[in-house]
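Mind looking over this structure? Questions follow.
To keep things simple, chains are lettered A, B, C and D as they appear, and every chain counts its residues starting from 1.
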Amino acid sequence: MANLISRAFGGLNEVRRGLATVFKHTFREPITKNYPDEMPDLAPHFRGRLALTVNPETGDHLCISCKQCERVCPDKCIEITSHKSPETNKLELIDFKIDHGLCMFCGLCTEVCPTLCIINTNDFEMADYSRESLIYDLKKLTLSQDESAFYFDRKEMPLPKPKPAKPAPAAAGAAPAAVAAKPAAVPSVAAPGADAKPETEAPEAKAPADSKTVEVKKPEVKAEVKEESKPEAKPEAKAETKTDEPKADEPKADEPKA
Amino acid sequence: MWLAGIFTIVWMVCWALGIALPMLLTQQLGDKAALTNEILRAATPVIAILVFIPINAMFMVLIERRALALWTVRKGPNRVGPDGNFQTAADAVKLLLKEDITPTGADAVMHTFAPILFFAPSVFGAVPLLAAVTNNHPLFRVLNLPTGIFFVLAAGALPVVALVMAGWASNNKYSLVGGLRSAAQAISYEIPLVLSLITVCLMAGTLDLVKITEQQAGGILNWNLLGGGALTGLNNALAGGGAKALATSYFMGPISYVCAGLLVISLIISFWLYLTGACAEINRIPFDLPEAESELVSGYNTEYSGMKFAIFFLAEFTNLFIVSSITTVMFLGGGDNPIPPYILNNIPGIPQMVAAIRDSYFCSTLHIINPETFFATLWVIAKVYGLVIFAVLIRGTLPRFRIDQLMAFGWKRLIPLSLIVFIIVVFAREFVICHG
Amino acid sequence: MTDEKPSEAEKPEDKKAEAAKPEAAKPEVAKADGAKPADAAKPADAAKPAAPAAAAAPKPAAKAPEPVIPATAGKFEQFLKEHGIPAQRLPLSLEVETIVLSGDVLQAALRLLRNSSEVKLDLLLTISGVDSNDTYDSVYHLWSYSNLDELVIKVLIKKSDVAEGDLPAVPSIANFWSAANWHERETYDLMGIRYANHPYLRRILNPWDWEGYPLRRDYKQLVDCLNDKNPHSMR
Amino acid sequence: MATEIQEIDLKTDEMIINMGPQHPATHGVLRLLLTLDGETVKHVEPVLGHLHRAQEWQGQNRTWFQYQALIDRVDYLSGMFTSWAMARSCEQIDGTVVPPRAEYLRVMVSEMNRITSHLLWLGTYLIDLGAMFGFPFYPFREREKLFDLFEEIAGQRMMFNYIRIGGVLRDPKPEWFDKLKRFLDEFPDRIDEYETIVTQNPIFLKRTKGVGILTQAVAKDYGVTGPCIRSSGIPLDLRRTKPYSVYPELKFDVITFDKEGDTWDRYMARILEMRQSIEIIRQCIDKLPSGDIMGKKQMAGMRIKAGEGFAAVESPRGILGCYVISGGGEKALRFRWRNPSFCNLSVLHELLKGCPLSDIMAIFGSIDVILPDVDR
């Protein structure tokens, strides 16, 4: 009997402690974010939407259509069409299709890419109404010059030489080695999602084109960011202000390396 | 904190819907023929309840979700309306507009009738409470039954049938198991529930809810929670009666003191008993076996959708509200404020405030608020929602019983305990002057 | 809650296993030597170890040149032979001893290995069907709950022996070793090895009306999404 | 029917309930074919395969490099361990020497992954027991913090693809270690909170004490491994009994219970393992050597020498083995997974025999089965 009573009181006490512990959480900050309003702060190596970079300094496309990514993709979701140009018999990229409805974002293609051309951006908002629209072609995939500059800086990838023309198998292993290389301690503070989002909405059709034109008269990255922020679309402008900080110190960050 | 904000909104709306609205109604039409006036006076409480219950249930759902979000370090509903406060309203609309599916092979008639039978008792069961919770408001005096608590309990025993019907009619094995479980559970937990209430009625010497409330007026020491009037003598002594008051109530000296202590303990126990039994009655965690989500998919309302499910949902929360108000009336002194008047009136400012409110525009010119019912309702709402939030806290913490353990707990622990308490009270109240 | 004994008990064994990690064949030699005196008592066995070693000798050149085969036969092979069960040791490509048994002695051998007090190989890790070039193998990985021994038992069935429209048959051990039950079902499901008198031999992972045995070399899948264009792609 | 009428006593019928594949509490898509007598389970037959993705077939048809990215899906709650099992078996065959820093990083991330897996188990288990509104969110809170750390080094939160054949993918930055240390400092208090709410809760005790007792004989017969069998008093922890990687250099004890393991013991074993993992990670951070992190060049046409190897790691659910036969080419000849969930699930019908309906969840949840791990 006494045992029973003591057990009952012990049990009630335990319940009370549990209730108290739960009640303590009244005074704690909620850990959830209301997502569409505030974007999550993603890691630089986050494997998001695939994209093709251009050379940050000179705006030329980095892909040399060596088709390693097409070969390595476990889902066979990459399709590259290219041809040997008659004058300089180098492979010339015609079209580059990625079926994001099929991609599983394993990031293998980014590891084997000899010229660090195909990268995982920090953008993950690709929801769309039809599966066809998930197939990104060359225009949709190619990043503008300052975007690729931003990602080169953020992922701390070595900037490519102006003439990236060596699809040597020796370079194949360079990609993971470069990524795995001990990085300079440059904490990238800009919230990536915040600026990755408008970039997708920005009309990228004219991105390579006008970036080239700008690049002709102003070869320096930092200046042309200011230049481009004006002509481009409304949402872009807000993003530019955010992306300025990483880009502002980007040249200084890179000169010691290069 | 936003909780307080919500709380005030709830209270204002409860007040407006429950009291002010029908009162205005009657006063507008008061000049008409006496007949209509009488009819309306008779009808207003029902109107009040019918308007009040759904809105109140919505508020309770909102509060529950807010509190759970708070305790699980989340943001609660924060999209619909200002700070997501219209979330539950939107849900209600969605539920009403959803397609109403009756599964193949289900007994359509019973399947449709079950939610109604489940909801109806919680409506007319709440009726006699109105007079009690509004401190015998002139509007609701009509409804006061001499056997109020008896009526409420009788109404509260009905929904079990509805649950069994729902489980049986929806042609689903999970639902069937859920319905049978609910029957077994409700029947076995009815007993400690009623026994604990009978204990209180024994102390009060009446079944009339209003009388019980009025007995407990005058401070926390008079509440049934604390000895059901066993401490009234002490209260009077503190109020200024001095040793004489003590002598009058505890006429048998030390024996009376011991008995008073016994009464206090036993009534606290029966308060706890009542809470447990009530939790089991309205199928809340840790006694939510009829709709055990991880075992039976959703128990008796697995096959329900749209409006029928909405009614089930509504009725559950209404039951929770009713149970809380019964607790308030029977144990927590109804609309009485815990601080005894002899302390309250000595606090500077309080009497002036009361006077100010009494003379204010609302009271004097248009008679929406008459002070005693006003403050009474304020306290009732405070107590009731405190209990509701406590139930939510329990829901956020405890896991679920197993059905056989539930039965064992009910029959082997609660019922003997409540009987023991009952007998103790029967004898102890002979030696102390207490209510009734 | 945590009792210290096991960890204490393991300590010396840890050291040995740790030492054994880098170079492969050493623990086998040690164990075999440990088992030797027991064998030396019986001269009848003296000849036996030579034979399998000799038989084994040509194979490694074909299979895996790197690992060096200890000249002595394995401990478990010896043990089985003592109890009159013909066992042949494969040249091991790892430090694990691999033994080939014929189907008819499989049950007896496993019973023995599991229940005998000196080798308690009572943890059946997995049963895997392998579709080798000319055989169907049913591979048993045996570990022990109590000691560090490992053993791999293979039952090879020549594809030439399997009649047309028939499945290679291996006696089931599920009736005395429950762990084998689902593994055998799975192997039957994916590799099409029929385990004779298995209590409940039916497909476990694939739907019951699946045709063919997907992991076989000769299995034709409906659409080869690796070699031809992926059918699920909208391109 | 006629026979039943002739019965004198009350003849009760057995009810067959089809629990799952879509059921709130059969995690994933397990289907349990229950034969109930009232609420007592007479017989239960698990029906598997709703999540079968032909992982072994893919292992034989993808190159080694490609398949590394796929095996995280085998057991999506502990992807590090699946990667590790494959990497170890391939390194066995290939004779690859893994640099020590990589080994330490492997141990660290695997123990972190063990914590996340146990945390998710804790939350879902309390949901199974009915505390589905408050408590389960707390473990997920800490789990998310760990996932942020994973995201920094591996790139994704669950499908890590971090442990590679011959090493690890990426060397974490120094800030990463600081974050990890900060987490490790606050985590024990969180575990204390969980225990305050759950461990001694009378209802929880009622539900778990003496429920689903797994005797040693049955456990051995069915090849049960992991916390389940450790809580039954058999000290089988691969990290100690067959030490691999750098575990011999770390100090920790096998968690076992003296008595036959019931559900509460399995719960307690996992709680203790989380505390233990914290200590292991701390030791790793202290001992972490500098140096290279990749012993084998990661390239598309990666090849493994001919041969066969079986390597196992101690995953949160038990011994996760990987049996590889390589023909020396770009692809494997045979991939075979030894999944702990598969073997632990096969003991379910022994545990469930004769228990009430509500205990199905308590027991099934306590053996911590991950359906992708079962069906592959």
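Basically, a residue touches a chain if its C-beta (ideal position, glycine included) is under 8 Å from a C-beta of that chain, and two chains touch if they have at least 3 such contacts.
As the structure is a computational prediction, the values presented were derived from the model and not from experiment.
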Hop across touching chains from subunit B and tell me the fewest hops that reach subunit D.
1
Provide the labels of all chains in contact with subunit A and in contact with subunit B.
D
Where the centre of all protein Cα atoms falls, which chain's Cα centre is nearest to that point?
D
Which of A-D and C-D has more C-beta pairs touching across its chains:
C-D
Select the chain at the greatest separation from subunit D, using centres from the mean of Cα atoms.
B
Subunit A and subunit D have mean C-alpha positions lying a whole-number Å distance apart equal to 32
How big is the gap, in whole Å, between where the Cα atoms of subunit C centre and where those of subunit D centre?
25
So how far apart, in whole Å, are subunit B and subunit C when each is placed at the average of its C-alpha atoms?
69
Separation of mean Cα positions, subunit C and subunit A [Å, integer]
47
Subunit D touches at least 2 other chains through residues 62, 134-135, 141, 197, 201
Where in subunit C do residues touch two or more other chains at once?
226
Among all residues of subunit A, those touching at least two other chains are 15, 18, 22, 31
Which residues of subunit D touch subunit C once you look at their complex with the stated criterion?
48-49, 52, 54, 56-57, 60-62, 92-93, 95, 220-223, 225, 234-236, 240-244, 248, 253-258, 268, 272, 305-310, 312, 319, 321, 323, 325, 333-334, 336, 338, 342-343, 346-347, 375-376
If you look only at subunit D, which of its residues touch subunit B in the complex?
15, 17, 23-25, 39, 126-135, 137-138, 141, 197, 201, 203-204, 206-207, 356-361
For the complex, which residues does subunit B have touching subunit A?
69-75, 78, 393-394, 396-398, 413
In their shared complex, at which residues does subunit D touch subunit A?
62-63, 65-67, 69-70, 134-135, 141, 144, 148, 151-156, 159, 161, 169-171, 173-175, 193, 196-198, 200-202, 293-294, 297-300
Any idea which subunit A residues touch subunit D in the complex?
10-11, 14-15, 17-18, 21-22, 31, 42-43, 45-47, 68, 71-74, 104-108, 111-112, 120, 169, 172-173, 176-177, 179-180, 182-183, 185, 187
